[in-house]
Amino acid sequence: MIKRLTLKIARIETETKNVKTFHFSHKLEAEPGQFIMVTDYENGEKPFSLSICELDHFAITVKRIGDFTNQLFQKKCGDYLSIRGPYGSSFFVSKKKVLLVGGGCAVPTLYFLSKRLLSNNADVTLINGAKTKDELIFVDKFHSLFIQEYFVTDDGSFGEKATSVQKAEEILKTDNFSFVYASGPELMLFALKDKLKKINYEFLLERYMKCAIGVCGSCTIDPLGIRMCVEGPVLNREKIEKLTEFGHYHRDASGKRIGF
Amino acid sequence: MIKRLTLKIARIETETKNVKTFHFSHKLEAEPGQFIMVTDYENGEKPFSLSICELDHFAITVKRIGDFTNQLFQKKCGDYLSIRGPYGSSFFVSKKKVLLVGGGCAVPTLYFLSKRLLSNNADVTLINGAKTKDELIFVDKFHSLFIQEYFVTDDGSFGEKATSVQKAEEILKTDNFSFVYASGPELMLFALKDKLKKINYEFLLERYMKCAIGVCGSCTIDPLGIRMCVEGPVLNREKIEKLTEFGHYHRDASGKRIGF
Amino acid sequence: MHKRLKIKFLGSEIDSPIVLPAGVMDMSFSSLQDAIINGAGIVTSKSLTVQPRAGHEGPVVAEFEGGMLNAMGLCNPGIDDGLKEIEQFKTNFAAPVIVSIFATNVHDFMQLAKKVDHSSAEFLELNLSCPNVFDEFGIPLAASPQQVFEIIKAVKEMTSKPVIAKLSPNVHAIIPIAESAQKAGADALCLINTVGPGMLIDIRMRKPILKNKFGGMSGPCIKPIALKLIYEVHSKIGLPIIGTGGVQSGEDVIEMWMAGASLVGVGTAVHYNGMNIFTKIKQEIIQFLEDQNYHLLMDVPRLPSQVREK
Amino acid sequence: MHKRLKIKFLGSEIDSPIVLPAGVMDMSFSSLQDAIINGAGIVTSKSLTVQPRAGHEGPVVAEFEGGMLNAMGLCNPGIDDGLKEIEQFKTNFAAPVIVSIFATNVHDFMQLAKKVDHSSAEFLELNLSCPNVFDEFGIPLAASPQQVFEIIKAVKEMTSKPVIAKLSPNVHAIIPIAESAQKAGADALCLINTVGPGMLIDIRMRKPILKNKFGGMSGPCIKPIALKLIYEVHSKIGLPIIGTGGVQSGEDVIEMWMAGASLVGVGTAVHYNGMNIFTKIKQEIIQFLEDQNYHLLMDVPRLPSQVREK
């Protein structure tokens, strides 16, 4: 039984026009890739990956997209939010030379991962990609870490003009990595998968979550039937290769299939 | 939550015409003075002190007295009994020179205590008393321990003709003990208490038990209101001196007061 | 500390919101005293009947994850001896006492109520909901709005002491029953009695664990049911409520309070932690009041209780 | 190993007594398959409705000592898409399927039943007892013997598949309802749906934790209630029973069996342990059979079920 925590928002950081980081002063024992369920008891309850998880505080980084996130953006420092978790699987923390590929607002979880990789003495390279300059996030935060960074934007407004996948393909040819981690839109991940013929990897996939404790079945993925809230959201190559659903469809709140 | 154990009777030993020891092959973590609740689901459920508690087995020693114990005496080796516990407080295990005073069928718990005292290097003296020779129990078992023993019977049919209390008074005058333990009929204990003006002691008192988990209130003792199934059945001098009920009355199954 | 937890209940000022509920550690004046010493504000007697009852044969309790079953079978020394324990309690303590009574017909309830009326106890509680004497007495009275009405009405005529009706959670609609109680003149409600009843089986001996087969569920796992019923009744019926069921911490007391309880019973938790659980609970309530900047427990607001359609 | 756990149920031979019950890990053909791979003998679909339902907003679950509350709100893709998942399951697996349906009136139940009748599923289950859609639909149908009778009667005319009626534990007398179901032609009963419902409160934000306020209780703490009702119904009504409620071990399955269940649902325990709990449970059943010298699960006798007076 995971106890629910009702915490005051300790600090709110504006990352971009539509992305904010919400900080909480509480020690949460979590691993990179894991997520928490967040609610204000008014507008539903939604999953968010941990972007920061230190000894005495943690944070989530949220993109404004619909009802829930809009309401979240109205909250002020000192307001209460209720959370439960951490839930789900986490990234394997390597000791070697690894490549992190992030797209859009799914990048922050790779920040938490980078910190753990670095403290494990891994050699970390990051591709941080977005459509345009204004949507690149955590640029400063990653900058303060001892990692190799590449910034790419679809329109070339910051860093190189390329997609994360193109950049990854390029680097993987020249450099010798032992593992790839990726978090981003599903079609980006799906495209990336094709480029990773010879290397081990883990992806963070998002599916509709309701219970987040592995009982309701909302988040299962075909044809393995595994629960993305427990056995996911981080899946390894072996599992991803067996998925028929990945890159093609997902299920909505009612369980109906929705194509990508 | 204490888990119920349903165990086969491993061995039945006949101690006297009306006393049997029931052995079970199971490791029970218990302290001397503690008791278990025993049931066959047919004839009620009753408390019995542990008389033996070794690494791989334990036993209770039962006097036939009414419905429940009569039925228990019909059981054969291999029959199931269901038990829960151990429950209640236990005797302080001294390292010094101590006197154990037992009366009738309440003596066996002092055997378990003796074993623990001996392994704690205490110097143990026992008075084992009964009305008559046939009612003395555990004579052989105590005999095999390195303790100083005195046997007394009211009619002198075995050992000295005396009550346990008389004998205790006598020994306490001549010898130097640091602690007294006693288990026996309440009026014996009540009489003994008067002889123990200057020495620390613990008595095992019996009260009507139903839940044995400290919730129903059947076993409380006036005026402390403490629960004899949790804070008892072993009480120390400090508590016993405060009791107005001790030696005068107890409560039956309905809670009605019954005089001794 | 004590001042902050004072509660007004049916005209009395009570030192602490914690109630020792019927049937838990209340067979003797001593344990009632022990409850007060440890921090209860009110104590309830075991449910007393006209004649003494030895109760069911054992096993009378069985534990499971989240709670316990009990089928004590209403053991009690009878109304006369039971009231003697109350009088003895009252010679030393001023704390208010609720006498719980149980009967199976209006006549006995009236007779019992009359005796309580002559006692020093402050309140009378009607146990209309014991689920453990089904074999003997059938479906609890509290399942029938009609019977609830008749008994309370009759009892009210026998006593000037405030009457608390203890209801059963084991019905599919509580409101009609609570309404009946109110119409009949009940001064307060006690919610809830034990849940179920339930059963557990010893699979090796192929026997129900309880001699009575069935027993009422209490303990932490029934708290959600208690909260739901308290909230529902508080939203619709304007009677003070003693909230009972699964409470084991100060935060649980606040939860009950927010749901609509005025006083809070702590029963089974005594088993887990002994009577000094009351001290712990009181400290935890104070802690909450301080963290949340409330001065008094009475300042803590209830849940916004949107009145719901039936 | 498998042979020893075979059960006859409504004319079918089932490989394992373990049922994946409605609403637990059954939104996709994949998770139904996963249940079979891990050792379930039958799987049940999520309760399907005429139209798709997104269900309640979150939080939809809340945990407490001994169990959890849920108020999913009957989210499901609707009968048509729901049955597609079943057909996809059936292309790979032969294991029997129960399709659960939910509606609020006889007409919709009939329409749903007709569709299930045309599907490859073996059994039809009527969810008459969801406690989580009270606001929308009022008191569960299963609280009224009359309604239970009408719905089952009507459904039986729409389908030749065996019909299982899933009843509510939240009534003060189950027998009249089970009798109605039997008279109307139900082939089996499923006991029990979730208990309560219950409620939990966040005392810092002063809000019910569930968005729906109330949710049904499941998990280990409801097992005693399930056992009691199964035992009671089995003693008096001659219908096979799917026993569901709080089962998490092989010994729990035996307990359900002794109380009178023919098959045993394992729901919430999947949350605690994942689907491989089924493998563990099967091993534990075999262990018990061996220890107690039974060859088959079907050889294990029931509790002696003394028929009790009402």
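Letters A, B, C and D name the chains as they come in the text, with residue numbers starting at 1 for each one.
Keep this in mind: contacts are C-beta pairs under 8 Å (C-beta built on N, C-alpha and C of every residue); 3 or more make two chains touch, one makes a residue touch a chain.
Keep in mind that what you see is a predicted model, and the values were worked out from it rather than measured.
K.L.:
So which chains are sitting against chain A and chain C at once?
P.N.:
A chain counts here if it touches both chain A and chain C, which gives D.
K.L.:
Round to the nearest whole Å and give the separation of the Cα centres of chain B and chain D.
P.N.:
For chain B versus chain D, the centre distance works out to 50 Å.
K.L.:
In whole angstrom, what separates the CA-based centres of chain C and chain D?
P.N.:
Whole-Å distance between the two chain centres: 33.
K.L.:
Express in whole angstrom the distance between the two chain centres, defined as the mean CA positions of chain A and chain B.
P.N.:
64
K.L.:
For chain B versus chain C, what separation do you get between their C-alpha means, in angstrom?
P.N.:
So the centre of chain B lies 36 Å away from the centre of chain C.
K.L.:
Among the residues of chain C, which ones contact at least 2 other chains?
P.N.:
Residues 62, 64-65, 204, 207-208 of chain C touch two or more partner chains.
K.L.:
Graph shape for the chains shown, where an edge means the two chains touch. Line, ring, star, complete, or other?
P.N.:
Shape of the chain contacts: a line, open at both ends.
K.L.:
What chain-chain pairs meet the touch criterion?
P.N.:
Final set of chain pairs in contact is A-D, B-C, C-D.
K.L.:
Over in the complex, which chain C residues touch chain B? Could you list them?
P.N.:
Chain C reaches chain B through residues 23-35, 46, 52-55, 57-65, 68, 70, 72, 75-78, 81-82, 202, 204-205, 207-209, 211, 267-268, 270-271, 274-275.
K.L.:
If you look only at chain B, which of its residues touch chain C in the complex?
P.N.:
Counting only chain B, the residues touching chain C are 1-2, 4, 6, 37, 39-46, 80, 82, 210-218, 220-227, 230-231, 251-257.
K.L.:
Considering the complex alone, what residue numbers of chain D touch chain C?
P.N.:
62, 64-67, 69, 135, 139-140, 143, 168, 170-173, 195-201, 203-204, 206-208, 213-215, 217, 219-221, 223-225, 227-228, 231, 251, 254-255, 258-259, 288, 292, 301, 303-304, 308
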